[in-house]
Structure formats: C-alpha cells, structure tokens
Amino acid sequence: MKPTVGFVGLGLMGRHMARNVLKAGFPLVVHNRSRPAVDELVAKGAAAAWSPQEVAERATVVITMLPNSPDVRLVAAGENGLFAGASAGHIIIDSSTISPVVTAELAGQAAALGIAWLDAPVSGGPTGAQAGTLSIMVGGPADALEKARPILKAMGKTITHIGVKPGSGQIAKACNQVVVALYLQAIAEALLLAKGAGADPAKVYQAIRGGAAQSWAMDNHAPRMLSGNHAPGFKAWMHLKDLRIALETAQQANLPLPGTAQVVQLYTSLLAAGHGEENTSALIAALENLAGIKL
Amino acid sequence: MKPTVGFVGLGLMGRHMARNVLKAGFPLVVHNRSRPAVDELVAKGAAAAWSPQEVAERATVVITMLPNSPDVRLVAAGENGLFAGASAGHIIIDSSTISPVVTAELAGQAAALGIAWLDAPVSGGPTGAQAGTLSIMVGGPADALEKARPILKAMGKTITHIGVKPGSGQIAKACNQVVVALYLQAIAEALLLAKGAGADPAKVYQAIRGGAAQSWAMDNHAPRMLSGNHAPGFKAWMHLKDLRIALETAQQANLPLPGTAQVVQLYTSLLAAGHGEENTSALIAALENLAGIKL
Amino acid sequence: MKPTVGFVGLGLMGRHMARNVLKAGFPLVVHNRSRPAVDELVAKGAAAAWSPQEVAERATVVITMLPNSPDVRLVAAGENGLFAGASAGHIIIDSSTISPVVTAELAGQAAALGIAWLDAPVSGGPTGAQAGTLSIMVGGPADALEKARPILKAMGKTITHIGVKPGSGQIAKACNQVVVALYLQAIAEALLLAKGAGADPAKVYQAIRGGAAQSWAMDNHAPRMLSGNHAPGFKAWMHLKDLRIALETAQQANLPLPGTAQVVQLYTSLLAAGHGEENTSALIAALENLAGIKL
Amino acid sequence: MKPTVGFVGLGLMGRHMARNVLKAGFPLVVHNRSRPAVDELVAKGAAAAWSPQEVAERATVVITMLPNSPDVRLVAAGENGLFAGASAGHIIIDSSTISPVVTAELAGQAAALGIAWLDAPVSGGPTGAQAGTLSIMVGGPADALEKARPILKAMGKTITHIGVKPGSGQIAKACNQVVVALYLQAIAEALLLAKGAGADPAKVYQAIRGGAAQSWAMDNHAPRMLSGNHAPGFKAWMHLKDLRIALETAQQANLPLPGTAQVVQLYTSLLAAGHGEENTSALIAALENLAGIKL
C-alpha cells in the first residue's frame, strides 16, 4: 500500500508537483499559505491540513516546495512546523532551491529527531512540473532516497543522487543556475554584437544555433530575446535569488567565480530597471540599457 | 563544366576543406607557405601554384583559409597577391576568421577591381572540415554566393547568407565565438563550484546536462575538464584571437560586452600560464589557478 | 564630572582606543574574551567586568569594538549582554565594522529599551587608534552623539555625523572600504602593467605618484607592493569581510557595483592562495598569480 | 644661445605648452592643422611653418602633441613629415599619448636616420599645461633627454626618465591612466552605494576624504559627481582612448588586467550614452544608468 504523502507549498511549481503525486496514486495531505491552491487539490482528492505540523502528523513522507531559506526554516523548524509533527523514520523531501548551508543545518536538526532529510531541488520549470518531467538532484541518505524514489518518479524524469552529504542536491542546483545564467549572457551578448556591428541578429542566430553554440538555452531564449517576449516562465528575480545562493556557497568555500559574480551584477541592474517579474530572457534588456541600443 | 577553384592556406582546416573541394570534382590549384601540404594535395590531383597571384590567374574562384587579418591582407593585396592575378568577374571566398573591418577594407578593394569578395568563416573545427559538415556564415553579394554555393556545399552542411554587407559572415563568426567562450566559462565555474562546495563534479554534470544546462559545449567540454584531457582540437590561443576580434568589432560600434571582456581576461591568464596550445576546454585551468584547487 | 565609560572588545584596535579614553580622564570599565588585554588596562587604572551585562550596569556609555555582526549581536542582545544591564538613557557606541542591516536591527531593540545606539565605525587602522587620530563615522540620534562627543574626541580626530538613520555610519565605512579596495587594484594593475610592458615599476611609481594618480593608498601601498613587504597592518581577510558587507548592503538596495563585485573576486582568490593574514597590499599577489609574473 | 624649437599640434594642451616654451626664451616654429592657434602664437613671437617637414628643417628639437597613434605616424613619417625635414642629431619629443608599440616603431625609424626620439607624454591636463606644471614621463636615450631637459622644464615641473627603451614614457602614462580610471570608478561606486543605502553621499564624501580614501581624484571628481558638473577638462573619450592603449599594451604582454578591462566596458557604456565629450567625472552617469538611480 502506498504511503501517505504530505505537501507544503502549492505555488507555481508545487501545485503541479502535488497533483502528479496524487495522480500516481499516493494519498495526499496538503498545506499552503493561501487557500485557492489547497481547494483545487482537495477537489481532486487530497486532504487539507491546517499547519505543516498537521501535515507531518498525517504523512510519513513530506515534500516542501517553498521560495527561499527562511521559508523552509520556518515550515520545518518553526512553531507548528514539520519537526513538531514528524516522527522518527519519517522523510522530509525539500524540493525548494535554498542555501546548502541552511539545508545542512536543517538536515542536522532532522537527523537528531530520527527524521531523514532529502534535499531535492528540481529543474525544468512550470512546464516540467506539469508534465512530470523534472530533473531532480538529490542530496542525503541513500536508503531514504530509495524509499522516496517512487514518489519522486511521479514528479520527475531524471533523479540523480548527487551525494549523501546534506545539501548535495542544492549544490547541483546552484551549479545548474550558474551555467544557465552565463548561457543567457552569452546569447544576449552575441545577439547584441550582431546588431551593433550591423548584421541581422535573427540571421546570426539561425547560422550559429546548430553548431558549437547549440544549447537548450539558445533554442528557448534567443527567439524570446529577438521577439521581446519575456512572459514568464522562470522569473528573473528567482534566478538572481538562486545565483546569490551560488555565490554565497562559493564564498564559504573561498572560491572565486568571476563570471558568476559579473552576471549577478547584470541581473541586479535588470531588477533595478524593473524587469524582475519577467522571464530570464529579459537579461538582454540589461545589456541593451548598457549599450544604448535595442535588438 | 566545373570551374577551377584556387585554394590558399592548407593548414589544419584548409587541407581538409581543399580535399573536399577536389573530391567534389572541381579542378583545384593550391598554394601554401610550407610544402608538404601542397604535395599531399598534388598527389590527389591538385595543381600547385607558386604564389597567390598565380592561383588567381589560374582559377576563377579562390578560397583562402589563413590565420589572421594581416595574413589575408598580404595574400590578397600584397605583392604577388590575389588582386594582382584575378580578373573582373572572379570570386574570392575568405574562410579565415578575421576582423570584419579588415574584411570590409579588402572587399572594397576587390570591388574596385570587379572582383566579388565573400567572407565565409566556418565553424565545426578540424572534425567538421574533414567530414565536410562545416557551418559556413557568408557575407557579401548574393549573386556571387549563388555561383559559389556548389563549392561551399563541398565543404559545409549549413550555408547561411548573413547579409550583403561585407564582413557579415565575420560578424556571425565573432558572435559564435563569444557564445562558446561564455559557455565554456559557465561549465568550468559550475564544475568548480561543485568541487569547492564538496559535491562530486562528475555527478553534478550527469544531473544537469540533460536540462536547461544542456549544450553541445557541455557534452564535449565537461568530460574533458573532468578528465583533464585538453588535447586539441580548437586551441585556446585561436579562441582568444577570435574573441579579440569580437571585442574590437564591439569597440568600433561603441558596444559594451562585459561578459566577453571578462572571459578574455581569463583566457589571457590561461595563455600566460602556458596553456595556449591546448584545447579550449583548458579554460578550467585558469579558474583552478584562481581558486587554488583542482577539479 | 566625567561619566564612567564601558569598553567591550580589546583587540588590535580596541585596546588602543580604550587606553585613549582612559588617558582622557574617563573612569573605565572593560570586558574582553581573553584576559591579557584586560589586565593591561587594569594596570593603567581601568576596572574589569565579568560580562557585557556588568559593563552596562556600571557605565552609562559603552563602546564596543568587535570583529563582525554576530559578535555585536551576541554582546548586545545575547545572554548577559549589554541590553540586560543597560538602563534607559544610556548610550551604546558600536565602533565595530558590521552590516548596516544588523545595526538597524540592534538600534531598534535598543530604542525600545530607551537606550541610544550610535554606530561609529572608524578608519585609520591600529596606527590611528594608538595615536587617537581615527576618523569616526557616526550614525544615530544627534543628542546622543553630542553627549558622546567628548569620549569620541579621545579616540579620533575627525568625527562626522553621517545621519540620524541607524547604520549611516556603517554605510559610510562600507563606502570607504569600497574606495580603498579599488584604489589597491588600481595601483596593483598599474605596477604590473609597467613590469609586463618592460618598464621599471619603481620608476613608474615615482613618475605618477605626484599627479592625478596621487593618493594616500599609492603612497602607502605601492612601496609595499614593490618591496613585497605585506606585514600587517590591516589584513586582507578583514578588508574582504568589509567588502562583503558593502556588497550585501548594495544587494538589499538592488544596486549593481560592478567594480566592487570584481575586486571581491580578486580578494577571494588572494585568500584562497593563503594570503588572508597579510596586509591588504598583498592584493598584488592575486594579480601576479593571474598574470604568471612577479613585480 | 637657445636652440630653435619646433611644435606640431596646438590643441587644448599643445597651445599652452608651446607658449611656455616661447616664454622661456626659445625661438619657436609652429605648425597646426587649423589656423587660429597658429596665429595666436605668431602674435606672441613664434614663426609659422607650412608643414611638419618645414618645422623640422627650421628647428633642431621638435615637440609633437597630437591626438593618437595614426596622427603621430602621419606627422612623423608621412609625406612632408618630420623625418623628411630633420637631420642627424636632431631630437623629436612626442608628448602625445599613443601606443608604446607605435612609439617603438617610429623611434626605430628615427634612429635609422640619426634622429633621437623621446616619448614624453604628460599628465596634469590643460590646467597643468597652462601653468607649466605638467608631469612628464620620458622614454628614450639619456643624452637626448639631457639636451632636451631645459625645454621640458619650460613645460613641466616633474620630469622622470622612465627608461631608455623607446615607449617607456608611454608605458608610464598608460599606467597613470589605468590608476585614474579605477580611482574614478572607486569614487563613483562609493557615492552611489551611499545614496542607494540611504545615506547622504556628500556627508560620506566629507567623512572619508581625509583618510585611507584620500586622493587627488577624490578631491577633484567627487564634488563634480555630487554636483553633476562634468564640464571638461579631460574628456571621457580621451580617457577611454588611453585605456585602450593600456589594454593593447597588456595584451601584447599576455597580461590580464581584470579591473582595467572592466572599467573600459563601463566607459564604453558611458560613450554609448553620449557622454564622451564630458569630463571623466561623468563616469558616475554610466553607473547611475546601470543602477537606475541618480546621486
């Protein structure tokens, strides 16, 4: 018989992920700060809980999908939080993208209570969340991962165990976000160079997209940059948040990341100009502002 | 009947490209500063010429594949150069990666002589040159391109006419090199972040390569960075040369490219440390030096 | 009659500052985590207290000089801290260099207890601390500053009231550290350029130091860089700590500081190479490593 | 008896420098592309020449003060240029700020004709030129410098012989310009940080200007940045030109200068926004644009 699964955080990503868990046949108990997302899932067969604590009392595996470190800390270790309701042997799967340091801290508290903590951030965006095709990067104990795997399978296509060290999944996610940010800048600078030098950026895109410049990011973001369509999707401020986690992680390791530091400045300029709620492809706007020209 | 084709510059790329033209049935006249590459092609049926001028006298279409702007200027406009031998109606196809500004200057001189100049730099490396699968980015008059297309088809798979403005192909190539350089830095910083933060870089690579971080560069360079195998392939100093062309092109357009400027500094450090003759994946070594750790 | 002054944190800076307060005729009560510095001041006439709380019970004005935000938070708001011992009307002067955000938080807690909080970070280093010639940048209520001024005068030459907003002094200090860091990089890059291009860096220094390149930093750090004498003085890791405060402050204001972000990466590389305990002039070593040459 | 001095290039700087030579009692022959500056000096006692060649025929020491490398090359080595008029034993003093590489090339050509070439760029701006208080950085043969010294003394206060290697003076000037550019960015980022974080930038300037942040640049440019008065003085596009010389010089030495590369991007953005003709203190505008706020 399938274990009852708890889910806290039914936002842009979480609502799709929770629904996929439900679809896969797991009894589901959900909690969320705002009501409509809860109602939606209850209508499909989930039960509602009034607090994270209650979720943890009613489910042996709990998934969290929250904006940032303080939210996860509050939901897990705060008043009426998961730690107050969970018992030894339970598993918490945190799919939020947060600091590996905070992850290690919370995983340590969980371990002291006999609870296994898996950090399991995802990539793939709302589209992947809806389709159940997320990439899931997992840190934490292997046995807990094996128990949780059928549930993760309901949400994602690729599940990679990065390491047993708490926060390993978060580190992988931070690496992913670093890569994507510099890809975005690469594409944006190239298109702007084409324009500035007097060539047609769309033609240049067509000419280079199939060769050494090929990437998923090129295929997805270059057309957006060319058309100026920056409807989200994954938002600029979220990416910046993730990049700051990457830089803080690097800082604690005394690790210089000059390219990342530099693109963080560009993103900061983008947010200062009011583009935070747009898709990450809006990064081109920060360069356009710097250059005084438009694609 | 197929026109006689001339070829000047039988280096790492040029020898393969010339052979493919020959294979496609075009009579071929070749010239090169050093002898062995000429002999090799003569053995396969090409004729040898003693100067670029002689090549231009014996062929109506001439392809050049040379290291940098001064070489092309010398071969085209120098003593015993192409301009001295070519007649009105002839076509020069410069597949070298050089400055769009020098291209425009030489194209102007050619036009004054009734000669069509196509700038047609390629991407795909020695492997693509050998297989005849290069991507070719073309700038210059459309009618000359149409006449030259069957010859270009012998060398490349994708032929894109970027624009009639002389140097348009060079601009596209510069854009391509900008993209690839920042991709390389993206991949290198991510792998180093994984290592520095205590996760296994190879696991992180496996976890992220299929998602938003997917790219040809990731697939080709991350394994090299992880294994430390930087046998060329496309060499670091060549990439730096191309990036400097990109920055100079941007400079003339008063265009800031902060990411490109920054990766040029990293490449400069790489060359200062003696890695210039290695594959571009060696860029990781510049970051390792900065960080004081190894992957 | 002069009020009793408390002093918590008798480190490299604090011991000199406390002694100057004592010399100026203020009765002094001191506390420090390690004993010898306390004994030294007691030998000169100060009284020892066993906790920050006791300091606050025995003095109406308390000065703190501590390494970083968590230390100040602990001393002020922790168990047996200043807030536990201070009464309404008392003044706390925090001369530590810490986050303006933490300052605002602690100033708010102090205000709720009727205690005035002045943030009063200093510049001038151990030399200035000893000579009583520090520059003191003050944030907080003007009336508290007027009461505290005679005490501040005992420690510093220039006292500037930046603003009544809590943290204003910390902001000024962060600005100061940003300036100095980029000055250091300016000087280091110039000397390295001289060397790399084949001119004598010492001659270049002599030629430019009196003109538009003139600065206190040039006069003090160029000779150190040229001679390789990086005995502290103000240590590299301390400067990096301060620069991170500056970047975090900027981040909260959504403010890009591209030069600062970049020199932070250079400093990070410097620390990664083991130069953290050296004088800030050691920054040249990070550039030398990048360049593969020595001055 | 004093030797006749020639002067080519009577621009913003050159007219003052030439007048000071005249004032010091040297017979003066001048040439300039536009007439009014010539007339002005003729009115004070100078003779006019119709070409650089004629200047060189009538003077044993010739000073040039021109915008950039191509101008100097033309005036020295072009048709009716200095080399056509000068004789063995003559001295050319180039006070322009140009590439050390072009300097070495021209010095070599001069040497072949028995002419001594001194590169002698200056710092101090129009104010220093007028007052005769320039700093002059000299590269080239010591004996020629000794002969020229009385003339240089008429124009400048500090004369430093950087080295006998041609271009040594230009290298020192490039170093100077690197220092000043990063100082400017330092000051601009600090003032903007003050503003963004909610402190009064003018107060912060007052608080920090006397300490470790002290510099001539701070004293001169911070008030301009605070008041928005960017009337030239030394113009932004000229500084950018000089910084590009510095970067090219570094590039030829395979020398990374990450801070310089970065401030060049900022200056490029400044020029793209149309501030090229303003004083260098306008650099603050590029950061304001990036930040979306004004001082």
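Labels A, B, C and D are assigned to the chains in the order they are written; within every chain, residues are numbered from 1.
Methods note: a contact is a pair of C-beta atoms (placed from the backbone, for glycine too) under 8 Å apart; a residue touches a chain by one contact, two chains touch by 3 or more.
Because the structure is a prediction, the values reported are computed rather than measured.
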From chain D, the most remote chain by mean C-alpha position: A
Angle, in degrees to the nearest 5, of the Cα rotation that carries chain A onto chain C: 180
Rounded Å distance, chain A centre to chain C centre (Cα mean): 38
Centroid distance [mean C-alpha coordinates] between chain C and chain B, Å: 53
Distance from the mean Cα position of chain D to that of chain C, given in whole angstrom: 38
Touching two or more other chains - residues of chain C: 250, 254-258, 262, 266, 269, 272, 290-291, 293
In the complex, chain B residues that touch chain A: 100, 123-125, 135, 137, 139, 158, 160-163, 165, 167-168, 171-172, 174-176, 178-183, 185-187, 189-194, 196-200, 203-204, 206-208, 210-218, 246, 249-250, 252-260, 262-263, 266, 287, 290-291, 293
Chain B-touching residues of chain C, taken from the complex the two chains share: 258, 269, 272-274, 289-293
Complex interface listing, chain C residues touching chain A: 244, 250-251, 254-258, 261-262, 264-266, 268-269, 271-272
